[in-house]
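First chain A sits with chain B, and in the next complex the same chain sits with chain C.
Then we have the complex of A and B:
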């Protein structure tokens, strides 16, 4: 599939994914465990937003780009929103409170995925590097925290679930690190 | 291959670069002198020649350790930058961001130690920073760690910019290291050694910074929420992973000065070879996994890691050191080397590196480590390669740059006298540490037994001689750098 074709299909794919995530059985399953909500549902919602960035009219995209030098504004916005959704309290509330659920389904794609999708092409090597290193470090830190925290962080999830999420985050951090290292050492770079 | 012209055009420092280089190096020289004076204070306290109390001793020890490691890293980064910029296009903003963040980090550390009384050594091993028994507050411990974080972010920015530039020119980091020539193919004789060494440092130190970014934040969380108890051994592993790598990398950045400059003084070309590339590739891996040799006394550490620490200790330093020693000696042999300050310092650096490795490897042997660990043998070995190996590498470049201004290498009697003081004082100072270690004098003790005092006194006198030499260097170089006219931008020769 060519890049242009992929670009064209991206919004349709985003809508399909979003609808799939909203389906009650899918939602119930993905929210049944902490690891699934944190490490599958939220990343997929971020993907929805990322794919949507291709649907933005070019003029609007250019207008935003003027306020988004090197993708820095994107990163700030996505990090702030990301920090909020990293808090166990927020995850908890998104299950119990309908308005928090709405907030999650709206804000994760629109305030994390979309800005990242819009900003990524403008980010230079250094900005991407800082972002990826911080992302990897965050997986390691949170994984470690969830593993050693003696108290349950969420009302909805048990301690063993929390620890499983911690282990999964350590694995994801390691895979991310290995992927970046392999890319840097042997990968191909179009422009830097 | 680097050019044999003594002062090539592409090494000129136009205005921005000139100011940045001077800022780095003058700051580093001043910090070295101050930190050495702190070191002398410690040695004299052990000799019972100062009225410094234990609480102050440990503050000074913390400052000296963190300050020296940071300063060495700052100075050797400038060495790497100086040469790497000839082959790839580096951005001045990244180099300067590193400097600014280093200074901010240094301020946090100085404040934490001298105002906040933080004194748990540069290694801040958990849980000591948060168990001060009332000597310092959690806030001081946190400030110290924030200082490290700032320094780490600065280094990361510089490495990322350098990585981008290397990738832009060579395709990827593997090609920067020359991995494509390990098993065959015709090696490009012009592939710069500075790029190989820099790539290794970028890879190793970025991993170190990642480990630091994780462990520092976890320790900060623990400082404010003690319920999140950390596994002390995991913390120790991560701290050594990052601490060992940062200080080790200073040699690999510093040695670029020897590679680039020595051939110009011998007049003989010094190209890359397959063994050279192999040794750097091997050391890139080894330097990342060698750190468990700091943990040989931790019986709870997984056995395989300790065995790895021991085996890799033998292997890690050796490959690069051997090819460098062989390369340098053959480069000097029959060359009619001109013995001036830069070339003498380069040869001293190689000697100091070689001699410093021997006690390190002895101590990296589990059987020996059981006896020698935590004795002054350890400061003996690392002061050897830092004082007589890495610092002379930095000084080689500095004397070269000062000479480039007059288009003739520096070689005055004053400088040579400084060198004599530095070498005699330095070797004696390190040998006394090693000998004291051999006699089981414990390291990191503020108060020594009466039987140990003669070593401490001899060590103090040696340190004074060494510092006199360093004062000569610092004064001469700072004056030389400040007086240097700004070079025209080589990109705009008419300028």
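Then we have the complex of A and C:
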């Protein structure tokens, strides 16, 4: 599949993925465990937004790019929105409060995935490196916290589920780190 | 100039995002819903709903009838083998430590079951018996309808989740209701001395 073809199909795939995530049984299953909500549902919602960035009219994309040198504005927005959805009380509220559920399904694609998708091609080696390492550190920090916390951080989830989520975050952090290391050792870099 | 525009956009995003995060965490005080629930209750005590409960003796009591007294409320289910056991033991200890205000009716202990289908008055009585809880001042009760139960759980901010082995887990705590019938304070379970001390200060 060529790049152009992939770009053409991306929005359709994004919509299909979004609809699938909205299906009540899928939603109920992905929100039944902390690890699934944090590490599957939210990343898939981010993917929806990322794919949508290919569907943006080129003129709008160029307009945004003028305010988004090196993808910096993208990173700021995505990090802030990401912090919000890392709060245990946000995860709790997204299950119990309908308006928080709406906020999650709207803001995770549009305020995290879309800006990252728009900004990523403009990010140079240094910006990407800082972003990936900070992301890795976040996985380690949160993973450690979730693993050792003796109290439940979400009223909707059990303690052992929280610890499984913590372990999974440590694994993801390690994989990210390994990926960055492999890229550094054997990867090819553009000189941007 | 794109770099200046980018800086401006990022600065605006930071200010706006920082404001949202400040509000979302109650000024970086509450990161979990449990902390948030305790803060919210202190800031704006919600009135407890006037629902009717069936007690361990089969009598009916409306929460509105308890106005004029302080009430310590915990949520339990009698099949529980973990937290509610601790809560039950704690209420039995409070019966000893706060015997005077319980005897003259200034204070009531109220355990509310969130498993009313199983917890019949007989089960509720057996639950209190298990902790050698005495008759005075400790009501163990169940809501009489699913709607009432949901209203209670919502007002008190209690979330009940199945534990996967035929039981439940919930955010166990001791809720303090004042004589005006408002939920004013949520205390950690597991420290009856501190609860008794605090109530002695509050009681007239």
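Everything that follows uses one rule, which is that the second predicted complex is superposed on the first by the 187 of 192 C-alpha atoms of A that agree within 3 Å, B and C clash if a C-alpha of one lies under 4 Å from a C-alpha of the other, contacts with A are read in each partner's own complex, and residues count from 1 in each chain.
Simple rule for what comes next: a contact is a pair of C-beta atoms (placed from the backbone, for glycine too) under 8 Å apart; a residue touches a chain by one contact, two chains touch by 3 or more.
Here the structure is a predicted model, which is why all the values come from computation and not from measurement.
Aligning the two structures on chain A places chain B and chain C next to each other without any clash. In the superposed pair of complexes, A:186 makes contact with chain B only, with no contact to chain C.
By the touch criterion stated above, A:98 is placed in contact with neither chain B nor chain C. Once the two complexes are laid over each other on the shared chain, residue contacts for A:148 go to chain B alone; chain C is not touched.
Of the two partner chains placed around the shared chain by superposition, neither chain B nor chain C is touched by A:58. Taking Cα centres throughout, chain A sits at the apex of an angle toward chain B and chain C that amounts to 100 degrees, reported as a multiple of 10.
Fitting both structures onto chain A leaves chain B and chain C with a minimum C-alpha separation of 11 Å. On chain C, the positions that touch chain A within their shared complex are 2-3, 5-10, 13-14, 17-18, 20-21, 24-25, 30-36, 159, 161, 163-164, 169-171. Across the interface of their complex, chain B is touched by residues 124-126, 129-130, 133-134, 136-137, 140-141, 144-145, 148-151, 177, 181, 184-189, 192 of chain A. Across the complex, chain A is touched by residues 94, 156-157, 160-161, 163-164, 167-168, 171-174, 177, 179, 203, 206, 209-210, 213-214, 217-218, 221, 227-231 of chain B. For chain A in complex with chain C, the residues that touch the partner chain are 66-70, 72-73, 76-77, 80-81, 83-84, 87-90, 92-93, 96, 152-159.
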